[in-house]
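What follows is a pair of complexes built around chain A, which joins chain B in one and chain C in the other.
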Partner chain A sequence: MLELRKDIFADERDDNLKEVGKPTQRQDMLGHVTGTSAYYDDHRFANLLHLKILRSPHAHARIRSIDDAAAARAPGVKRIIRGADVPVNLNTLLSLIQFGKDDEPSLATDVVRYKGEPVVAVVATSERAALEALALIRVSYEPLPAVFDVEEALKPGAVSVNAAYPKNTFEYYNKYDHQKLRFGDADAAFAQADIVLDERYQMSPIEHAPTETNGSIAVPDTNGRFIVYTSTQALFFSLDTAAKINAMPSNQLHFIGGTVGGGFGGKVDTLTEPLAILAARLTGAPVRHRLSRHEEMQFGSPRGGERIYIKDGIMRDGRIIARKVRAYFDSGAYTRLSSYAAVKCAAHIPGPYTIPNVSADVYCVYTNRTPATAMRGFGVTALDFGLECQMDKGAVAVGMDPLEYRMLNAYRDGDMKAHRREAKNCALIECAQVAAEKASWPLRDEFRRMSSRTGGGVQRAGGGADRTRAPAPAPAPATRPAPVTPQRVSYERPAAAPAQSAPPPPPRTPSPPPAVQPAGSTHGAPRFSSVFGTRRR
Partner chain B sequence: MAKHRGRGVATINYPIGMNLGGDPSQALVHSNPTGKFTVALSSIDLGQGMKSVTRQICAETLGVPVEDVYVDTADSDTGPHCMGSFASRGTHRVGNAVMAAAREARAVMMEAAAEELEVDPGDLETDGRGAIQVKGAPHRSISVRDVAIAAQFKQGKTISGRGIFLVPLSDVNPETGEMSPATCYAHACLIAEVEVDDETGEVTVLKMTSAYELGRAINPKLVEQQLVGGTWMGMSHALYETPEPYYPDTREGPRDFNEYLMPGPGDICPHDIAVLERPAPDGPFGAKGPGEMCANPVLPAVANAIFNAVGVRIDELPITPEKILRALKARGGAAGAALPRAR
Partner chain C sequence: MKTPVQFRLNGEEVAAFAESGANLLDVLRESVGDLSVKGGCWQGTCGTCTVLVDGAPRLSCITLAESCAGKSIETAGGLRRGAELHPLQSAFMERFAAQCGYCTPGMLMAAKALLDRNPNPSREEVVDAICGNICRCTGYEPIIAAVLDAARGDSRRRA
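After this line comes the complex of A and B, so read on.
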């Protein structure tokens, strides 16, 4: 159910458009619903070969020796590929934009740094033949101590994970082991705060879980070129990465992507294309390299497991005057894209709020875990979880309604953000107002009248010039009794929340009045489907 | 033993495009000899609908019906460079590139039409239905098809255009973090309503209500698709998913969809969405992009709703029944969120 609120910000838009804004049926709808949209793996080739990877069983180990003689003689095997066969074995994804050092091999040669790291590739006439040959390869490992926890990895004497970054942290500006953000004077402000709230948040490293696993098919074309059918999310990113690893001119590669069975960030890493192309070059045949579901789940990069500490300094009237954040991005054994996410996280601090004193340190940390990578909301999702739980706790601490507490501190046009850029085009307050109206969440009058377009400006956050000055439009805090359980809507007892609610919202011209939702009426609310309605079972 | 209901809220914003910029996208637009247009991109449509969004932007800019535009994606031989489909950049970055290319193509189309109608190009307008006419005199018109035929076979003009959009790469001050991370931000507020069983620790998400500000909803149905899908992902992240149940221990990881827990269709709750549009000054028709952000407010809103319901804070994801039961036990039972505090 989606409602367009054209009445809000109408004066900033030209709504006299013919095609934009229309719910036009998607161009590829017919193909999708009739099952004729082609995925990379729908392309069929005679003599297709299959590439499978032998992976490390250890989280950290030295490779003493690899014996692949029996595998090379196994039925159907066309080629064994080792690290030494890869033209440029060491790479880092963001080297394409000159960010970071080459730190990750396509195939490990001397050390494995996470369980599941690729060691040897087998190219065979069938997936089964390739898998059977993998079982014949003997690798002798010398297990090494491993580190899995981001804060353990930063302790003196911790196991060194990544040879390019021996201290277990990405290097920023050849100078720092983390990304800094400094605005105002957070420590001085904490001393003036009425309440200090210091909390820890831990994210879960979730899987992208695409319906279609990562994969590609590399096909020798005429004139020395190769066509690569791929599930990538970033065609030239993958092409340039594959060209670098294969030491090929980029115009010898013709990448064709298209319909993708789910990406969510997990198809930027170019996990399969470089070795598929190398195998096609070495064998002269088309080669498919696709991850099995097991590989996708266990060895395809997950979202990182960020750990975030947030400390707020709050005044009794609800203004947050200081926020300090310490965040650790668990990059796993290699960088991939986590170094980028840490900077994006720093840019996002302190969230969509105007706080005059902000300090943050964001670390990209190496551990002996599967390398993490981009995923929907990269660098921000974890922080938002921490920040918004923290905002809830802050509201309870000062006895304010959690939504009003957010609106009081929300950024507005003209405010100065912690990364020292003026806030423009803000709309957090309006979103809060509309959501509250739809959900019958009681807001007091002054909050219903608030606007992102007025009341902002440097006086609300002057970079610490006056840390405790009240925001211009703050509702007079002293006159307001702070409700002890502001938000609680009891469903066991007669509805308590509407009793403390403000008068009905002022009519917004073209919109219908909000449906009043009785607090207890959604028990057993109808679900979209009860066909699969067994939760958690 | 009882089931407790609670509501939780989160308000968020989200930066559009790659952090710090420096992430260009290009587009080529050309007409075939009978006035049908092709947009050539190397960009990837991951299912979010980029083909359809750029198609509508192109049609609007050219002034032709959307049926007369086809968007061809994901070919490195024919499509010019695009950084990729990530960082919520498709609508904003690729949309802008397509808009620039379509503007250039439109200028040639109007010139060719002016030559055929023997008027000044500045006196012409498109009717959006496949014709070009003299402003104020719609009877003096020519079809886009006839213009394309004339341009190709008579005038020797290519009705085509090139477009690129680049937010220049920002520096970062290593000491202060001063930087220009993004040129525009989308916004959201989401309210989640849950029911928590204090005997089993199970959480049922009953209802969500949200307001998203997205600059411009180029296609409201595609926006809805993103927001509904993203909500599911957020709910899954908050309550169900983890490939490493004993993080940071890597053992016991699931291997397939039987072992990797995610909510099914029966666990999805009604979601009442409002979309606001405060146009981004540099967005195509003001558009920002709903791609990534819509999972983000769900996680904290659900966590806050659980607190509102039973009075425990679970600050480690996912919020499993086990964690809730342990927290309830430590707290001595379920109770609402009455927690006065001290310094």
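After this line comes the complex of A and C, so read on.
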């Protein structure tokens, strides 16, 4: 049953698998077990100064005044830094690739938009002196109404969170308030479906909680440059961001990283380097900016909490003929990387299933919560949780085995995806077959014979060699399939009238291997960057 | 105000001036210069900073440095004897029981405290010994296997 498809990645694969099956030691392991791996904070400098930050106690408030006079006179304090001291006090991470508007200050000046937002930085001779000085700063706030729910934030008259995006939605291409996907006619298909399954999935924000918190040390070099030791996961990204905020050429910054005490996506946001560098410039001394655990939890971005509605139109024989998704990504008060998460989510809909009618709306929404960011497949993981829960519920609704229900609907080579790209190199069915075998999960014969190759051994809602034909009954223990209007399966032609010819019987043997592939690369669709809208590679 | 503190660190006498109220973690890292001890939460919850004080595992971030005067401190930086790795270190390497490596020094010391008093622990006893040490790369199973390997003395046997 298991077959190695060597045509996939043919131009990249090397069948001399000499590393497989035997352990290869990691180059950093000896350092890890002897405690000699050098993380950013394992570098020592004479006269090191420490930067600590006064943070907003309010989720949304106007700053009336800031009195830092007493803090400036406190023992050990070398410098107070306010928003006005930051050369470019407004940034968005993806501005480096011209994606989104600058919306987040390094230090808030007029309004704070989430609890924990930085307001004033103190640089002192010890962390303790800095913390004691922070306690002397008096900030007068005028609390403002706040919004914490993604759908509340989209209602007319909702509190406006982010000055760059007054309608509380990220703007794609400076024009669209969400990511939109339309394929076929989902609403018409729901009217034809035997079962409509409408569900809501709510995710929680998740803190990465790396054992090493975010931090960096900026050290003035003797040649006018600054050496920055950092916990970043994204060295050059952080370097360019820090250069922009400090209005300095990037060749004045020398970033040193590499050994990171856990990140999981939570160390791509350049949270500490820009102010550490600014403080080193202003004081001429090395400055460490290290987040406490509390700051890591409150100010370090979490994975955003997503809310996802999924509505499926299902035929009694198990074919999914329509799927509608509405997803809201809680970006928190600023953009960081949630705008990109929504793009990834939209690109993943409707999951690895051939569904001829798909409609999706994915929003990146601003609320007065901690800004969210990358975490382990963000954008896709939450959606997949919802989709696969939905698949289990759908299987129950039609009385099918959940694995067989997935196999029935899985992509086959040549199927048209909702994004108008042909499915290639599909393998979900084969994965399911191997998983079932290993778990001793019984699959019926038809499903053991199924294949991801073109046609795939069964008629489905959207697949098959002849995509204009009305789907034939699937091999499910269903009641008599209800008459189905043929589904529109390709964007370039409207739904066709039912074909007159009778469908052929389902194949009894696995599909034959495809014709010999033409020379050259056969793997992968040309890769597509959803951010740039251009093809790479 | 600073107070002189003297203790044994990995068998060597050391002395430092500690800020009044300073914790052992800061004194070890900033004054003595033992950077094998890592800080993770500075509030006694994650186990990253675990060291042995007179053989018992202690969270150095919430241990007053002054309370360690005259005591014997062991850290991961002192596990190795010359070029020879401690059996726990070899076992951690061979079992791939470290990913980012940041929790590893504390994890090693928690495991050493166990093996020093119980050379043949059960799996449950190993789990109990490291239950206060958080690994966020979620590698607990290899760590448990490594500690059991080290206890059985077969850390160099496996291919």
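Just so we're on the same page, the second predicted complex is superposed on the first by the 434 of 537 C-alpha atoms of A that agree within 3 Å, B and C clash if a C-alpha of one lies under 4 Å from a C-alpha of the other, contacts with A are read in each partner's own complex, and residues count from 1 in each chain.
Quick note on the criterion: a residue touches a chain if its C-beta (ideal position, glycine included) is under 8 Å from a C-beta of that chain, and two chains touch if they have at least 3 such contacts.
None of these values were measured; they are calculated from a predicted model.
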| item | value |
| --- | --- |
| Dominant toucher of chain A (residue count), chain B or chain C | B |
| Contacts of A:G414 with chain B and chain C, given as first, second, both or neither | neither |
| Contacts of A:D42 with chain B and chain C, given as first, second, both or neither | second |
| First (chain B), second (chain C), both or neither touched by A:G83 | neither |
| Partner chain in contact with A:G31 - chain B first, chain C second, else both or neither | second |
| Partner chain in contact with A:R293 - chain B first, chain C second, else both or neither | both |
| Contacts of A:G262 with chain B and chain C, given as first, second, both or neither | both |
| Which of chain B and chain C A:I206 touches, first, second, both or neither | first |
| Partner chain(s) touched by A:P274 [first = chain B, second = chain C, both, neither] | neither |
| First (chain B), second (chain C), both or neither touched by A:K438 | first |
| Footprint overlap on chain A, where chain B in one structure and chain C in the other make contact | 22-23, 25-26, 28, 209, 259-264, 293 |
| Chain C residues within the chain A interface of the complex | 19, 33, 35-43, 45-46, 48, 75-77, 79-80, 85, 89, 92-94, 96, 98-105, 108, 134-137, 159 |
| Residues on chain A engaged by chain C in the complex (per definition of touch) | 22-23, 25-26, 28-39, 41-42, 44, 128, 208-213, 259-264, 292-293 |
